[in-house]
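To keep things simple, chains are lettered A, B, C and D as they appear, and every chain counts its residues starting from 1.
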Amino acid sequence: MFIVDYIKTVYSTCKSLLSGMRLTGYYFFHHKEIITQQYPDVRLVMAERFRGEVVMTHDEKNEHRCTGCTACELACPNATIKIVTKQELQPDGKKKKALDTFVYHLELCTMCNLCIMACPTDAIKMAQTYEHSVFDRNQLTKKLNAPGSKLMEGVE
Amino acid sequence: MISIEHISQSLHEALSASLNSTLVLLIEMVIAGVLVIALFAVLGLVLVFMERKVSAYIQIRLGPNRVGYQGFAQTAADTLKLLIKEGLTPDGADKFLFNLAPLVVMVVAMLIMAPIAFTKGFQLWDINIGVLYVSAVSSISVIGILMAGWASNNKYSMLGAMRSGAQIVSYELSAGLSVITIVILVGSLSINDIIASQQNGWWIFKGHIPVMISFIIFVIAVTAETNRAPFDLAEAESELTAGFHTEYSGMRFAFFFLAEYVNIFVVCAIGATLFFGGWMPFHIGSWEAFNHVMDFIPGIVWFFGKIFSLIFLIMWFRWTFPRLRIDQLLNLEWKYLLPIAMFNLLLTTLMAITGFYFK
Amino acid sequence: MQYEEVATTEEGNLVINVGPQHPATHGVMHLVITLNGETILKVEPHLGYIHRSIEKMCESLSYRQFIYSTSRMDYLSAHINNHGCALAVEKGLQIEVPERAKVIRVLMDELTRVASHVLWWGAMAMDVGALTPFFHAFRERELINDIMEETCGARLTMNYMVPGGVMADLHPDFVRKVKDFVAFFRTKIDEYDTLITHNVIFQGRMKGVGVISAADAVSYGCTGPVLRACGVKCDIRKLSPYDGYEKLNFEEPLETAGDSYARYLQRMRELRESLSIIDQLIDNIPEGDFQAKTKAVLKLPKGEFYSRVETARGEFGVYIISEGGLTPYRIHFRSPGFNNLAALDHMARGQKIGDLVAIMGTLDLVIPDIDR
Amino acid sequence: MTKEELKNKISDIIPAATFDEAGEWLNVSIDAIDWFPLAWQLRANAELDFEFLFNITAVDWKTHITMVYHLRSVKYGHIIVVKAKCDRTKTEIESVSKIWKTADLNEREAYDLMGVKFLNHPDLRRLFLTDDWEGYPLRKDYVDEVNIVKL
């Protein structure tokens, strides 16, 4: 029957549309469902494994664990890390290779974690920072070993 | 009791006392013009803000909340930005029409404001064919949109304008038919008569089923006529980027934007007048005490309350439904709305003749 | 069937550039469409706006390093892409992956698939003009991203796969959070149906639009939900199971209509299927290592290794040709999006502009996956 | 169909084909000139019925270029890999976009990046790179001082 079908179509159409409107109406009146976080006021606590940038750990005596072995430099797919080494005079008179500068290009880094995995002495780790915007991209090239820092005793 | 009617009356008397009638008319026209423009500006700010907040809450987010209290000044800030933005005119554009189009759309939106009665005795132009005037003038806005689409010399704009033309022309029909049901019941085209006839109950309640059907048709038709989602094919963002106003920027874009919201306001005002008694308070037949309490709320509050409820309904549609396709849009009009509206008109006529409605 | 050439300059025909910047392409894709009024006569994709030649880049990266770059292809199923690469390397090195690692991989795959389909749902609804679902979809997607972030350390390009297992063990909260998520999502997926699936306007936009027959879909090389919506079984998880999919009890849902609505329903059913896979695994994560012992420097033997995985968009293939060196001699990725795109012209002909957008939405095109 | 049966079938079509069964799938090596007749038979023969060409790869072996076609039958589920050897200086092979429509875009990609000319292709143009790009980037001898940054 044409008329019955016609009315049925109109009825089911209205029903489907109204059920959709009921859902959106529910959200309009229930503000507790809102999930927005107001960013600068509310800051996220990032997960401990979150990969924000590579940093080098220093202890309170300003000593790091990097031997300058360049394992991370080799592991990096993007040439993000550049390690400059120097020859250091040991107390017993022998010369030994040591870290001079650990250059880290944050602008090239994809946070893939491969350098951290490659490091044999756990000298570097991922920090949980996430606000990396700067006005000049030169500022993204970082020197990770603190000035005047030394290799920790007993790290080979 | 101080009401807007008193204020306008006393202003008129004060002016007439000291000046001759031509000057009085001139000053009053200036005042009316300033009031309309001020209403426009305020409406633009309020409605845009309302749209943002409604969409935000439906979309489980907060919406603008930084500029001013709860973000209330956000639209003002945006308007300021649009004002100082450069208005580009494309090289291949028809410069004259391109610049004229936003003005046409804007002027039309302003013109429809004339016969609307905001409260008792506060009306710019008490014309005896008010309803006819509104439906006649509102069709002019399509010319502005077609102008914009054509003059932009952009294929997207052209498609958007063409869609808009087909859409507005066809939806005029069912909007007009649903308006006529009320006209038949009232027996007059004048806005004031229509409002007066709802003294003891609004038409949506008095006229039961036929008027409710025509109200639903009216809401759908005006949503389409104002190019609002789910009928926003003229600017269909994901298809035509921005449709007829793709090439507009700066203040000219703001005109289109503002005209859209003013149009919504106007059609909702018409809807409120026809179906919800305009500025008439909510009255129930012979409940004297209740009616008296309702009378204490000023008419302008009633009127704006009704308008904003309708506007909210239209916004609610927009943030719930997907967009129709152009052929479905025309199918809906010609296959569903128009036959129903015609049948409904017949029903209403019968009802009016037999007097089978609440009086 | 070969299409006749459409004269773009004929009187009355209109040529429109959709893209490179267009709201419906979700990225930088360029379609040149020829129209007659609103009807589409021809669609011609112009690609390469974000072509990075990942295949060439991989030729100079070691077998540990190249995996991360595949996250940048189909970024919505980054984890599954990485999985495919890890499988190819493991095939070459004959590494036996520990059971725990396999389960973790599959769990992450399915979470990625859910996240990807949820985003698709929102984006597709946005294409047909409903803006609200996009935000609702992100609510669920954020939860998955948070779970990913906690365990993998990143939200989108996880790089959690290493040859021989996964990079780190599961976070202690992982099981609880995933269970919470699945319970939460089960209620929300019904809302999706209320809001979009049962909506008459949406059904009108989708039904009978962009129809492709099973034979054509196979010929065009479509895979994944696009092909399954035509009723062809093509789920790699069933055809050649990897990493423990053979032990799982799950259906391969099939639609038969082959139109946009079938593709839509197909993905919605796959969402529910993924949830049931997660349900099966989440309580049965075996104890053990999460990574097999591998050498520090990986060298694949001379030969060719092809691995296939089912991403959210279809069949992803990794074809490694090794000459025995530290880096692949040649590597080729069979990306599902690229092949699904080929069918766009076929589907869109004779439809309206609005339909083109709907069809692109249901094809679920991810542009970096197409351009690579 | 097992590898052995496939091998016999294909030997009937192209007697010169050589086979490698070491891998997961049957590898068939042929000359570029034999590719189109073989492809036609692979698709048309009801017992073979390879309706799904799921991967097209061009490999530069420095001495020659090989086109690798991965084929699957949706009906029977068997898979073969066909390797067609092309000349490196005059890299030409018949297009199979008439048989499998997926070949259209994939062959354009191979042309764009590896410089394989597909004869009778309906629309052989650059796909990813600009029309005036010189050289074929995936070839082993391709040098680009500007766009390839040496690590």
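Things to note:
Criterion: a contact is a pair of C-beta atoms (placed from the backbone, for glycine too) under 8 Å apart; a residue touches a chain by one contact, two chains touch by 3 or more.
Bear in mind the structure is a predicted one, so any value in this text is a computation, not a measurement.
Any chain touching chain A that also touches chain D appears here: C.
With respect to chain B, maximal separation of chain centres occurs for D (centres as means of Cα atoms). If you compare B-C with A-B, the chain pair joined by more contacting C-beta pairs is B-C. Chain B and chain C have Cα centroids lying 45 Å from one another.
For the pair chain A and chain B, the distance between C-alpha centroids works out to 51 Å. Remark: chain C and chain D have CA centroids separated by 25 Å (rounded to whole angstrom). Within chain C, residues 132, 139, 195, 199, 201 each touch two or more of the remaining chains. Residue positions of chain A with contacts to 2 or more other chains are 17, 20, 23-24, 35.
For chain B, residues that reach two or more other chains under the stated contact definition are 58-61, 319-321. Residues of chain C touching chain A in their complex: 61, 64-66, 68-69, 132, 139, 142, 146, 149-154, 157, 159, 162, 167-168, 171, 191, 194-195, 198-201.
Residues 14, 16, 22-24, 38, 125-132, 134-136, 139, 195-196, 199, 201-202, 204-205, 352-357 of chain C are the ones touching chain B in the complex. Across the complex, chain C is touched by residues 12-13, 16-17, 19-20, 23-24, 35, 46-47, 49-51, 75-77, 110-114, 117, 126 of chain A.
Those residues of chain B whose C-beta lies close enough to touch chain C in the complex are 55, 58-61, 155-156, 159, 163, 229-230, 232-233, 236-241, 319-328. Here chain C touches chain D in the complex through residues 2, 45, 47-48, 51, 53, 55-56, 60, 215-216, 218-221, 223, 232-234, 239, 303-304, 306, 315, 317, 319, 321, 330, 332, 334, 338-339, 341-342, 346, 371, going by the rule given at the top.
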